[in-house]
Amino acid sequence: MLQVNNLSCERANRELFRNLSFEVSRGVALRIHGLNGSGKTTLLRILAGLYQEFEGDVDWGEEHYPLYIGHRRGLKALMSARENLFWSAAINGQKTKLSEVDEALRQVSMGGYVDIACGSMSEGQCGRVSLARLFLLHNPVWILDEPFNAIDSTGVQCLVERINKHLSSGGILVLSSHVEVPLTNLQELELRY
Amino acid sequence: MKPHRRRKLYFLLFLLLSSGGAIALTLMALTENINLFYSPAEIVSGVAPVNKRIRAGGMVLEDSIFRSESDLEVRFIVTDLQGSEFTIFYTGILPDLFREGQGVVARGALNEDGDFLAEEVLAKHDENYMPPEVMDVIDQAHGDLQK
Amino acid sequence: MRIILLTVKRDLLLYFRKPGDIFNPLAFSLLVISLFPLGVGPSADILGEISAGIIWVAALLTTLFSIDLMFKEDYEDGTLEQMILGREPLLLVVYGKIIAQWLVGGLVITLLSPLLGMMFYVNTDGILATVLALMLATPTMTLIGSIGAALTLGLNKGGVLIAILILPLYLPVLILGVAMIDTATAGDNYAGHVLWLAAILAISIGFAPLATEQGIRISLSE
Amino acid sequence: MKRMVNRKQKTEPGGCALKMGNFFHRLGSPRPFYELSGVVLPVAGVLTLISLVVGSIWALGFAPPDYQQGESVRIMYIHVPSAIVAQSSYMMMGIAGVIFLIWRIKIADIALQCAAPIGASLTFLALVTGAIWGKPTWGAWWVWDARLTSTLVLFFLFIGVIVLRSAKDGSEAVGRATAMLAVVGLVNLPIIKFSVDWWFTLHQPSSFSLTESPSMPAEMWLPLLVMVIGFYLFFFFTWMYRVRTEILKREHRSQWVRSIDDV
Amino acid sequence: MLQVNNLSCERANRELFRNLSFEVSRGVALRIHGLNGSGKTTLLRILAGLYQEFEGDVDWGEEHYPLYIGHRRGLKALMSARENLFWSAAINGQKTKLSEVDEALRQVSMGGYVDIACGSMSEGQCGRVSLARLFLLHNPVWILDEPFNAIDSTGVQCLVERINKHLSSGGILVLSSHVEVPLTNLQELELRY
Amino acid sequence: MRIILLTVKRDLLLYFRKPGDIFNPLAFSLLVISLFPLGVGPSADILGEISAGIIWVAALLTTLFSIDLMFKEDYEDGTLEQMILGREPLLLVVYGKIIAQWLVGGLVITLLSPLLGMMFYVNTDGILATVLALMLATPTMTLIGSIGAALTLGLNKGGVLIAILILPLYLPVLILGVAMIDTATAGDNYAGHVLWLAAILAISIGFAPLATEQGIRISLSE
């Protein structure tokens, strides 16, 4: 369970949010929205532990390693889809077989691209490879920054299904998105300045 | 004229200028000696600098080679066959083609006495090839003629 | 014409906001050259005899090794395609970029070379010749190098490939310059070398940017 | 930008009835070339073998030594043909480059790509034999004179073409970039040829010219001629062999190549 | 007017489209959609003249310089929003005053960021700066590749208005987008493989 | 432990798919060193006397100048933040990256140095000492350099800053090595130098990666 108390953050001399408090229980998704530059990415990075210039209190309850996918996709352009995912699993301390990697790629309809370098994929295909991690890794906490960017509507549908499954098995999700998402257990948070 | 036509014209002029400049400079450059190579005449007349590393060369004069008994020291006279000649001193192994009547190129420095102390002697081969027997015949004919 | 100036201004601005890339090879060669006496032992005679040549070789290679970054960033962030699509001729933009590249690479090292020369006991003739040779050769190198940079854009092969492509065109300049500096250090007339270097520069100014422009178009059409 | 038309060559689906009128056009497309070269290749192979064997035996066994250089003159029978054929192959590459840049004929790209490694090896051979020959005759392995430097530049040009072309297999853009490099490099050829006349060099001037009789007796230049022809044939044979392989590689998805595989 | 005849394109050994023919008249917007990797970006780049490995015939009727904004935004991270836009105008052969640049930025609600380097902006803010070109440049042809990516809903609305104005003044627009766009004069083209 | 191996493998793979970046400085120093005789004039005495020092200086600086790219790409494409977040300790990943970096930079140049030495008439003692010195010093350089690379991430000041930060730590190694090579070329016993270099290496292996790891965390928390 995630508990946030009195979170304040200031960036480039502008206050992004002040005394923000909220909590997210297991099985619930929190969608953060707001205008461009309102601080969604910053908030998500704070929650993931990647940004530290804030005041306040972020409590995840127990030790955890979140799965964070941000604006930067974390893919190497010179490595193939398979190699990228395999490495993702490895760095996450997870021993995976190649067949599992291939299966994850198949789930995001990238089964035909396992050996293609991510540098020669279309924008949305890169996004799909990056999101294939959701099918491969077992982290209980997901933090996704605008995951639906550049993904087509069938892709969005497939992702929504996966997320719902994740929630129903007791996972936590915090995501940011400009469009509304049809999730079962959705909580909303708007950032405004 | 339309602006982009005019631009094209300017550009063509620019290209002409660039190639014209390059050609003019090349023609000028070809008249300069960039090899630091001095002929016997230039050495004798004192054009060549003293005590500087230069290159010099010409034909090895007949019967002018003196080899030292004890080491690899050699001394020979180089000529342009038109009356200018100077002496080259060299210590080391000479190339196979080094012989009387052949062209040589030497790298080294001229001393105050007008002698050339070589660090390196290279033989310059001409474009003529001949089996030895044929050469003998020619030499003989040559000799007969001179008699 | 205005676009040339604007491009030079833009590129200089970017270089100074992010000096890392461009100063890196420069700093490298300066370090190599200055740490020289450390390696050689500070005997003045030897130093004086060889340093002019070393300075020349290192300086020239420096311009070669900064060149592969010339179009890389513009290619990656998409500004290069904007240059192709814009109404202003790409050729002029290329001229601008080459000038900027030379200003921060070749010119700087040319201006620093007399200092280095003095540090290493090169005689006045030698220093003069080194400066002159660099002044004529660095723009040529930048011009020729830009062709290689354009042709290898997007190939992920970077520096080595460029070096291989450019080396054949570089070699004559390199050798000519060494000969010129030797001649000068020996106190002789080196007008012939100067003329040759100038001729190569003249032709490169006219034609290299044309090839670079075509190279960019080819590399980006993929 | 107003109008863009691209008509890439399609591989001919039908058989190969040859009309003389479009003979060259058809030769420019992969399939007819492949079929024609299948006939030429064995002939070229046999001729290459014959001329190289005859030439080598003649040159090494029977040609006379030189009155000055002695036996080391025999290096000539390798040095000269490799130097000449290397330059010719660059010339061919350059012409193929021009054709590819202007008309975008696929086979020109293939021709260029396949000539480069052969040309590079020949240049390398010329450089090595030249250096070996230079030590005894001139007294130095290498000097930075114009003929030698420009030949070295030729070698680097070949390497550049090879490396650039292999940066991305089969990509047309890379093909065009390579063609451009090859064309730019053409300026080097006259420099090699005339360097001995324009500058003071250690390398000897030409022994042969079209207008004067060779400065070499017939028992020397005849075997040399045979060797030169042999090297040309060798180049042609290996080049065509490589072109055929490359065509198969590039067209492996087309109907006609698949039907060959089945056979 | 844009006329496309028998356009075929093959990429990475896969046929993206074959014998595509369509036309777009002045005042009309064409929206291209389709699955990820179906070739939208490739098609737009062909139309813009940036990709050349195709067969067929693209005819724009008259000489023109398209305004193309692709997945890569064409902004320098180290230059400020103002500098970036000023340079865009310059390369487009357009002499602009700084006040015009600032006005364009104000239109996309980035008036407060004229002096901020694009490298320290949020994802969507970069997108807005890049799209401010639509308010600054006078090209009659616009080619936009997923312009609404990472832009918030008020931003989208502002863009839609601008596009409608462009169309009503006789401009042409070809865009790709995974979401539907409420434009007045819209034509659709789906790519499928 | 497995993650170290995997990281080394991954980085080597990337280096070989994109040789440009890493080979750039390597190719540069090889070219500078090999074009040397051109600049100096090929007199064997002079060459033999100075080359060992030159090879040493150039080789060492090479490892310095490739280092600023060590984390740059991973930072830009977001894989570095994945490394921080992952369950595997960042420290081990850092060890892996340093090893890979050394393999393609320092080791290669160390292995090439005897060849270069022979080309330039360095005597056998000198060659042996150069190889030994490089073998001990290049890992130290990579280790120390990685700290600088980590600290300057995202500052966009890249190379210069690193060079400035790191140079004071480099100099002792540099000077020690030159002294060692000189001693060796003169035919004297250089065991003392070897021990010093080894001591510096040992301490760097233990502590430098710790500092690097912290540096990465600091740079990324912004």
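Read from first to last, the chains carry the letters A, B, C, D, E and F; within each, the first residue is number 1.
Following the convention adopted for this analysis, a contact is a pair of C-beta atoms (placed from the backbone, for glycine too) under 8 Å apart; a residue touches a chain by one contact, two chains touch by 3 or more.
Please read all numbers here as calculations on a predicted model, not as lab measurements.
Q: By number of C-beta pairs in contact, which chain pair leads?
A: The chain pair with the largest number of C-beta contacts is C-F.
Q: Looking at C-alpha means, what's the farthest chain from subunit D?
A: Centroid comparison gives A as the farthest chain from subunit D.
Q: Give, as an integer number of Å, the spacing between the C-alpha centres of subunit D and subunit A.
A: Using C-alpha averages as centres, the distance is 57 Å.
Q: Take the average of all CA coordinates in subunit C, do the same for subunit D, and state the distance between these two points in whole angstrom.
A: 33
Q: Express in whole angstrom the distance between the two chain centres, defined as the mean CA positions of subunit D and subunit E.
A: From the centre of subunit D to the centre of subunit E is 48 Å.
Q: Mind checking the centre-to-centre distance between subunit A and subunit C? Centres are C-alpha means, answer in whole Å.
A: 46
Q: Identify all positions of subunit F at which a residue touches two or more other chains, and write them in rising order.
A: In subunit F, residues 17-18, 38, 156 touch at least two other chains, as defined above.
Q: For subunit B, give me the residues that contact two or more of the other chains.
A: none
Q: Can you tell me which residues of subunit A touch two or more of the remaining chains?
A: Touching at least two other chains: 71, 78.
Q: Mind listing the subunit D positions that touch subunit C in their complex?
A: 144, 149, 152-154, 156-157, 159-160, 163-164, 167-168, 171-174, 176-177, 180-181, 184-185, 188
Q: Write out the stretch or stretches of subunit A touching subunit E in their complex.
A: 12, 33-37, 41, 71, 116, 120-125, 127-128, 146, 149-155, 178-179
Q: Inside the complex, what are the residues of subunit E that reach subunit D?
A: Against subunit D, subunit E makes touches at 13, 46, 49, 52-66.
Q: In their complex, what parts of subunit D are in touch with subunit B?
A: Going through subunit D, the ones touching subunit B are 64-70, 72-73, 76, 135-140, 143, 198-200, 202, 204-207, 215-217, 219-220.
Q: List the residues on subunit A that touch subunit F in their complex, please.
A: Within the complex, subunit A touches subunit F at residues 48-53, 65-68, 70-79, 83, 87-88, 90-94.
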